[in-house]
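Submitted below is the structure of interest, expressed as structure tokens.
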């Protein structure tokens, strides 16, 4: 039996834990070969194929290493591949299918987020045997309670907030931290609660400056002249939703953090400082949670392959690992729900959510 | 309205996060006073009462502090209080009830593990209005999927294992790490998986030295002359269960770790070294998970008090916070179940569980 | 005896360690009172004076806390105080002297960097008894081998670089990290070496893009398609020195990091990403080095006060604490010297310094 | 040119940083080959020789890895090698010299502590060209201001102390932490100061229980019922020096920590708990200081080889790297001197040193 494995989309901590677990679990079965595919699906589109056999020795020592030993890319959609020579993107999906057949793969384990799993679903429709493993630091996949990578991202963000607290207090400033989260505010919410942020702004709740300023005023009245404001990169002000989304195009620009800081300074004359946490959230040694969860995901993925439960994606639901059909999760994502445990917690301790 | 709050049993990271959340959430209601009770229930048995009013200022800055600002003790069972003058223990439960009445408390939030919640249940039967909040680094309470304190303990243990790996490898030794867990092996299991332990011994699975030695032999055949063995303090060898449990009395002595190391050395002549992690697992800055979870627990506890849902203990079940009647969980605890997600993961990547 | 103490300039990790040590050491002498002055020298210019008595209880628990319990400000120069009503800055130095006399202070311990110590020197000339304690995360004070705050800043920067390494590798990108250091590149140099940066750009060495690109090309030839580039905020390209310095005005804007990333992308088409580490470097729990060094500095400062060695600033020189006259260090700072141990180390392992 | 490199004695964090720097620096010279020798000098005594060529690819990714890729042992003294068949140890030094000649080595870089450097000195007398690099977590080598490995050990110990503080406070206990340091108390002293220990016991200062108890009493009078006591494994009570040293033989047994805890409990009835930190101090990811210092040491070692300055050991003196003749440091070690900066600091903040 010959099984492929690839990682797609932005890298995140814990990918190697998954890969290692798949390979080690495969070694417990007879006649199973694992083949790593380079850079998302690119290894199946290149000449020669970018694939290599993986064994226990290959994955030795990678459990605590960030990133992915298989490489990854955000630009590897076979159905719409960027044309290096310019011009329209091309559909290379048949090339992928052909490679899959030529390499005699019996299945492919696809580790990725929303975008990658969407591609995997389309390839599954074309006949590839696929088992998906959810990963994203944003934790916004519909299929699962917790994605691999999320815990580490929160850890990094929470430490950054804690560091900003002391500067905020010593200088009596409002420190703004922009964290990742375009469509969902899980990182901002968890890290903000964990490190005592005073304001948390999420994509799920359009914010008003008045609400923020009221919070700062209340604090001032209690003699607290500093504050820490955590902003998810996808947060936006109430009302200005459409124009903001259209005009910003703020990829990697830390747009909303700087905007909030500037606006608060203009309106209140409070000294503000901005930090955009950026890529630090997605690299480095995975947390113990992501290493253990990644291991569990990897073992389960290999089990699903052995059971030939293809066309499914792994899901952690209520503390159990199960699988869900691709068609049941395709295109769905999981913003912070209105009755979220941590949303209630944030309100309960008086954190301003911009409302 | 006057509400008491206390922490009982061994301290653990995240207690202050709970206390802070309770106090801050209480401040959102009118006419609610929070009173901290010192050292488990001792503050209700002392003369004068060991109680003090808590407000937002009192709990300022404690979110990231380990331990408990209320103090705690393992020796505060009112039904069987150690007699300082020697002699038989005394039943002081009526004194607690009297204090509860004299202080005009409308309810008490009791943060504690198995022992403390058992006492709380008995006091509830005597008429006290109690809401319980589960905590223990061991994560072995029946009521809830995850206790506050567990994540930090795993973090500390996982880092220790990672540090031992490099020494094991450089010196070609078998390094043994004894971690906490008298009745349940959650800490050993999670930390062991997270940091690549080769053997994990749990109280749930009596181990055989033959199985361990076979694992070491297999590794040797693959050119790996080192190993890391994680042992929960409550683990014991197959067959010797009763005599071992009786004879050891190994409270804080790190008995099983040294025993395993010695026995392996005697049988295989492999160089072994033992580390007993001890109290480091239960102190210090709580992890971001315990800070956030503790905050959620604290808010929920205060909500239950406001809703007068007394005689209950908080539970995290399938990602939601709910409450359970004391009678439904009393005396029950939660060892690692046979179908545990992480037990499967450990087996799947070839970790020896002593079988 | 009555001694004042204040912290000036940007906050940094370890200030509280110094304050705590001063207060605790003072408690070992009879009849010594410590008075904390709020927000640099502002507490001596306000009405009423912003001062408070400090004792061992006040400083209990602050050893591991970032920031400064005394508060600080970058805008507290008594010789040129910003006029809140607009208009020219005012000279309030005589007000400070008057306060010093009215409060019957016998001396003031001034903890601060270059700017603050310059002010202290001027106040000393006007008759104040001053002992200076050097601090700055930049480690660029002429008086001392190592300033309090530096080690923590390097720790934070080194961890960020380590995190970026894995993303760089997985995505085959050039990751640019801008760290603090306007006039000296100590942070960039130490953190870059510690975490395996491939290029380090310092204010001391104007860089050429050609040199950087050559380095990236060499790596590519060895099959390494990723790199991590650490840039001190004060670094600038060769030749463009003057215009760059004039035109940038890049206070807190992360100018040079983005500039380098953009230019490299334009010239080589390599995918680049920028992170500006910012204030995270100057807050949070101080490293063990800064806590121990801060303690040693604090004890020495109090000793100098008792010995009436005023008009001096503490210096760590060759592993010993001594003092230096203000006049011998005033206005001098310490860039990375050409024969620096770590500069040699960087060259020795093949790190490109932009030359 | 052919250069050997080996690591001897106990492993410590930063060894790989040194090895990596040596190899990378060697690559900057033409015709230099680096050969790694396995397990101290054992690779020169085995059949066939345990050696392998090292290049930049071999050392890729090891900067942040604890331990040593060359392996090490405490049982590799060629002048007195343990006889595996029993019987008297053998002198295999001529075998080492023969291997050195047969392998055509032009020099060997020996990374090690006191014991290993002593062996190296003897081998140098027999004609081997040796450059020594000092390493030991204990920081007690006479030649240098700071050994590679020390900073990481202090980091681990300081974090452990910080964790114990909160448990001590919550339970009103005296927590005893035994750290490494047989002949010198640098680790205990630095970590104790950094994390606010109340008592620090060093091998350099025989302690009296009366002094410790007096300290605890003073604290009690100020309402502080908890304390943290850091004990170097080589500390011993006043007067009992000889008998204690003879009778203990407490290798890896954590003898003195348990002894102190028991004695304090017997004399004062204060609840005590002991933790023996053990091997955790010597493994795992090296601190940024050890990674940078290790890199500097490695570059310097290779420079000394190129300059043919054999028979020397590297020394960091007053912030500069230099070399010292073996004969000037042989058999000398560096306990904490009476006028040590940090010893003064400890006294200055009121830490009890057992006197």
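Letters are used for the chains, namely A, B, C and D, taken in the order the chains are written, and counting of residues starts over at 1 for each.
Basically, a contact is a pair of C-beta atoms (placed from the backbone, for glycine too) under 8 Å apart; a residue touches a chain by one contact, two chains touch by 3 or more.
In UniProt terms the chains read A, B, C, D = ATP-dependent 6-phosphofructokinase.
All figures in this text were calculated on a predicted structure; none of them were measured in a lab.
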Item to check | Remaining touching clusters (ignoring chain B, no chains moved) | outcome: one piece
Next on the checklist: Using C-alpha centres only, name the chain that sits farthest from chain D.
Outcome noted: A
Item to check | Distance between chain centroids, defined by C-alpha means - chain A, chain B (Å) | outcome: 31
Next on the checklist: Nearest whole angstrom, what separates the Cα centre of chain A from the Cα centre of chain C?
Outcome noted: 35
Checklist entry - Roughly how far is chain B from chain C, going centre to centre by Cα mean, in whole Å? => result 42
Checklist outcome for this item: Multi-chain contacts in chain D, i.e. residues touching at least two other chains, fall at 159, 162, 285
Item to check | For the chain B and chain A complex, residues of the former touching the latter | outcome: 20-21, 24-25, 27-28, 56, 63-64, 145, 151, 154-155, 158-159, 162, 190-191, 193-196, 222, 287-289, 291-292, 295-296, 298-300, 302-303, 317-321, 341-342, 344-345, 348-350
Checklist outcome for this item: Touching chain D in the complex, chain B uses residues 7, 10-11, 13, 15, 65-68, 71-74, 156, 159-160, 162-167, 169-172, 175, 252, 273-280, 282-285
